[in-house]
Amino acid sequence: MSPDTWHILSVFVAFVAVLFVCGIYSILVTRNLLRTVIGIEILIKGVTLLLIVVGYITNQTGLTQSLVITIIVIEVVVMVIAGGIALSMFRNIDSIDTRNLTKLKG
Amino acid sequence: MPSLLVLIPLFGIILLNLPFRRLNEKYVFWFAVFLLSVQILFTISHHSLFWQQGMGYIDSFFKVDFAIDSLSFIMLLCIAIVSMVSLSVSRYTIPDPRERFKFINLLMIAAIGMNGIVITKDLFSLYVFLEITALSSVVLIAFQKDMNALEGAFKYLILSSIATIMMLFSIALILLVSPGTSFAVIAAALKESPNSAVIIFAMGIFICGLFIKGGLVPFHGWLPDAYTAAPSAVSILLAGIVTKVCGIYTAIRVIAFVFGFNEVIKSLFMFIGLFSILIGALAALGQKDLKRLLAYSSISQVGYIILGFGTGTALGMAGAVFHIFNHAVFKSLLFVNAAAVEKRIGSSDLDRMGGLSYRMPITGSTSVIGVLSTCGIPPLAGFWSKLVIIIALWQSGHYMYGTIAVLASILTLAYLLLMQRKAFFGKLPKELENLKDLKEVGPEFTLPSIILAMITISVGVFFPFVFDKFVVPIKSIFMQ
Amino acid sequence: MTINIILLIAMTIATLWTVMGRSLLKATLGLAVTSVVISVLMFRLDSPMAAVFELSVCAGLITIIFVSAISLVKPLTHKEAIVVSKDRMKRFRYLPLLVILFGVIAGFFGIPNDFKPIYVALANDVRTVLWSLRQFDMFGQIVIIIAGALGVVVLFREKEKR
Amino acid sequence: MLTNVLLLPITVPTAAALLILMLPKKFRAAIDAISLFGSFLILLLSILLFKRNLSYSMPALGFGIEFSLRLYHFSGFIVLAAAFFVFLITLYSNAFLREKSYSKQFYVYLLLSLAFINGAVLSDNLVSMLFFWEGMLITLFGMIYIGGKRSFKTATKAFIIAGVGDLCLMLGVAICFYISGTLAISKLHIPISGIGGAAFILLMMGAIAKAGSMPFHTWIPDAAIDAPLPFMAIVPASFEKLLGIYFLSRISLDIFEMSPDSWASMTLMIIGSITIVFAVSMALIQKNYKRLLSYHAISQVGYMILGIGTLVPAGIVGGLFHMINNVMYKSCLFLTGGAVEKQAGTTDLEKLGGLKKYMPVTFICYVITAASISGVPPFNGFFSKELVCEGALERGFIFYLAAIIGAFLTAASFLKLGHAAFLDKSKNGKLPIKEAPIRMLIPMIAIAALCVLFGVWNSLPLKLFIQPILGQERLGGRDFSGMPHNSLLVVITIMVLLGALLNHRYGVKKHGSGLKAAEHIHHAPVLSYIFNKAENGYFDPYNIGLNISYGFSKVAFLFDRAIDWVYNVFIIKVSKVFTAAARSLNDGSYKSYIIWSLLATGAVVIFLIKSMIGA
């Protein structure tokens, strides 16, 4: 693998990894439901970025772009649904604190 | 022809949703029933010429060729059966026609998603249809919008998003090596490329993503919560088929045809399978809630499937697929009974139940059949598939796994008979006696449960016929 | 290549700000900023269509959704906001350390280059791929959009009875 | 067609038994008629079959086990004897069981046990013989059990003792099969060294258990009181002796190659002589008519075992001749006992007495058979005992001495019995006792006449029945019919009998009544201690076995409690712990699920990379 592509790939992968860490950390630590959804959004941005980089390196930009477009469309819908759930939860108990989400256990 | 399974329902739904609402609400149920029965008919008689020419030209519309082999046919059959059952149960549990209209639409979308997964030959469209099924199941779980349902839905959503992110991550890494994303191309690319850490990392991530979707033990957190939170009709769909298609079928398809089998993956699957059998059964032993018990029991049964698949031999995989079919049938049977009980008593807490089979004989007896088939008692279907799996284990030399799997079926017997005794036998508690409408449930429940019970019995009794017609062709797929 | 690295660093800062931002609105804005930076990066990695999409949908649509969701949710009273933010800082102070540490490790190890990524000679254009090769995915997108619509109807509609 | 005629002795009695079983109880006359006619038919059949050599075999279970029958002189003789006595006993019990409720059951068991004995005797394969042998066990239990309310204990006792005997038999059969590879009795020739010896001991124990000799005898005296009398007359008196001694002789003559001076014949002779002496001494002190007779049945078996054990032609012929004689006079004595019981209402000697005047025919039959059992010259008992004594003398003086003591005590006890029951002044008030009904008298008179016939003209039974069994070479060319050759023995026997008479007169004078004639022996210093101990069952192996098993069951009970604890308490506690552990994974918060999933993914990935790269 030519040195510079490897260099580009490793830099981007490093930063995607950082994005990944931020996303996971925010999902695990936050107590607000919407921030969890934002965390997932961050993860997805990281993956799209990685896809684009891979496309750039392997000269398959056409394929990766179409994949990214599909992903973005799908993730928008998922975000909407997640927001919807958060909202209806708020309507039920007037709070979107994740600590209320622990009744089903055992 | 396969496009019929995905295309027609979509157009149907679009048609239904647009014009005059009142008319559609009445006919949506029968339209859905029609579509699913067409699917059942197709899967059973797929060799007949009618399907080949008649619908051939629709396929030409799609340039993508579909992977229809006997493995997909069995899955399509399961999808159709379980969706039909869930449909008929929903007709009774969701009284308001407008709500039911939305419910049936979502159900149809979930069915489209699953059909898509089963017939796709492309890793990325696999992700797309996985996402469709996941999304529609999330909405279905959150359908009643009470606190529990939302909690279950949210957990399912978060975990399945994590799973999809993992899959996308691995697809991105695989694209480094393979020019396209269809199974054949990736398989070829992976074969030549040396065993590099990145590719193995990608494979590992993908497999774990599927494990989360399939609800195997270390990843199974969301499953019991999602099943108990969901309305009873949805938990039938979820337990019966969704986790199996999204998690297990995809694992089989991807591992067997894309990543290829090697000793390491086999031992991984075997270990995970065994682990989930044991933990699932042990956890189910101490449950107080009926649906939660059945959820853990399905984790344990899925463990059997993965164990069977992990042997790597053609017989083992055929046994696994056969167990998927059996499990879909008797698990949805048990959940139908749970739904009937919940409909009549209002709660699914085992301690408040007792002696229900006196008032609800059909539910009681069909649940006995379901219980016996799950435990693998000879005349019924469950026994044969478990037997095939254990024989495969034995032949491939994994004696220890085989013995533990057999012993675990004792645990299965324990918690299911415990459930049966607490819920259906024993004596009727006082507060249930005077409950006025504690009588047998309507045909929406009894009809599907009887049909499912009949399927279990007939598959069990006519096993040689079933073995040749279904299981042998599956073995041939995995042969090469 | 250095410009990419600068952009990547900007992205990381924006992400950190999103995650650690005190108020929810600031978090959504941070998200929009990261998405803008990412679309710029995409432009540089010659996949313009994806960049445009990212910009319009992620930066635009999702931010709008989040803002509308936040507005529907009752804002915290001022006093509560301070308590929550103080508590948040306590929890989040490890993140930057973690990020820097991780960046160093990733930079140092990087990806083992024991494999050679392929180089596809004639890469076809996005349009051809999207419309001719990936039709099944397009079909999937249609279905998911309908599912999303139904989901919104189910989740957002108030129950008449209550 | 001819071959399956051989099946008839088994099928006809069974058919008759089943027919009776189907009839409701109140058709008493019909039942009596069928059983009588059935036994008569079998008698004719066995007379017809007597002189033929037939064989029949039908493969049954494989492994060398087939259902094969073989009729030759010896088995034909046993079948004939059995049929003859069953006919007489049936005739007798038609009258005796008139008002008894269990008569129907009795006939069914009687005919079934006849079928079983025929089957056992005819069968040529050890396993099929075993099958019929076990059948006898069941009918034995059945017949004792219907005797009365208290008889269940005795029935189980008999069942267990006979069961132990049969168990030894089975083991022996297994060892024979192991050694010789075949189960056909005619083809078995096993040396008695090493395992063969063990096989012999086991089979011998099975045979003497069936015959009712010393170690396995304790159920017979109890059964004498509890079981119905016709049972005592037919099973312990004739069937057991016939079958047991038949099998013992087959073992010692055919199956095992035994030389006269081998250890096996020594053991047989010892057992025989011990049985003779102890059983008859116990008989002496009995106060009950039937118990006294039952002890004599045991001691007479001793003579037969001693006779066969000598393996000397004289001894064997004597033993076999004694077998048939004993069957005759023993059953007739029991029949007289039955007559006394029916007419006088009791068999307790204290209440009986002075029956001579009221039951003259019974008295005459009693005198004849008592004389023949004691070995008084003109009767059949004398000749067979002489032969046995001759054989015993040949093998060793001690055995001859035992035989003589046995003769002395037998004579003494029967004089005592006769005097107490028939000659003394009647003690119970119920004076007007009538003679027994005619149908009970006929069998008694017939058997008594036979005893005289076999005695006076003893060449008939010897030449016709006994000697052909051994065949010329074993007889050593001698013909044992006619007067005993060794006149010295005759003189000694007569001396002994006179001694017994004197002792009896002395006992009567000393103690007044006939009943106490043997008191002076009973209360002799050492003997009395042993007698009292034996009387209350101290030496009874059955009671010893019970105590041991009782201790053992206590231990087993504790062990069982421990297993219950493991299942009820321990396993539940353990499973609770595991269940809690399994469920701890789901603590409700999705965050822990995510953590678990990511950790597991990390583990899986590391595992895959390490093992794949490594491989």
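So that you can tell them apart, the chains are marked A, B, C and D in the order they are listed, and the count of residues begins at 1 in each.
Here, contacts are C-beta pairs under 8 Å (C-beta built on N, C-alpha and C of every residue); 3 or more make two chains touch, one makes a residue touch a chain.
Only a predicted model underlies this, so the values are computations on that prediction, with no experimental measurement involved.
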item	value
By count of C-beta pairs in contact, the leading pair of chains	A-C
Separation of chain C from chain D, taking each centre as the mean of its C-alpha atoms, in whole Å	100
Length of the line joining the C-alpha centres of chain B and chain D, rounded to whole Å	72
Inter-chain centre distance, chain A versus chain B - centres from mean C-alpha coordinates, in Å	27
Mean-CA-position distance for chain C and chain B (Å)	32
Sites on chain A at which at least two other chains make contact	9, 27, 54-55, 57-58, 60, 63-64, 67, 70, 74, 77, 81, 85-86, 88, 91, 101, 103-106
Contacts with two or more other chains, residues of chain B listed in rising order	124, 128, 131, 135, 138-139, 142, 145, 154-155, 158, 162, 176, 179, 197, 224-225
Sites on chain C at which at least two other chains make contact	111, 115, 117-118, 120, 133-134, 137, 140-141, 144, 147-148, 151, 155
Graph class of chain-chain contacts, one of line, ring, star, complete, other	other
Chains touching one another, given as label pairs in label order	A-B, A-C, A-D, B-C, B-D
Residues on chain A engaged by chain C in the complex (per definition of touch)	1, 4-15, 17-19, 21-22, 25-26, 29, 32, 34-35, 37-39, 41-42, 45, 48-49, 52-70, 72-74, 76-77, 79-81, 83-88, 90-91, 94, 96
Complex interface listing, chain C residues touching chain A	1, 4-5, 8, 11-12, 15-16, 18-19, 24, 27-28, 31, 34-35, 38, 41-42, 45-47, 49-50, 53-54, 57-58, 61-62, 65-66, 69-70, 72-74, 91-92, 95, 98-99, 102-103, 106-107, 110-111, 113, 115-121, 123-126, 128-130, 133-134, 137-138, 140-141, 144-145, 147-148, 151-152, 155-156, 158
Residue ranges of chain D touching chain A (in the complex, touch as defined)	583, 586-591, 594-595, 598
For the chain B and chain A complex, residues of the former touching the latter	124, 128, 131, 135, 138-139, 142, 145-148, 150-155, 157-158, 161-162, 165, 168-169, 171-173, 175-176, 179-181, 224-225, 228-229, 287-288, 292
Touch list for chain C against partner chain B, complex	111-112, 114-115, 117-118, 120, 132-137, 139-144, 146-148, 150-151, 153-155, 159
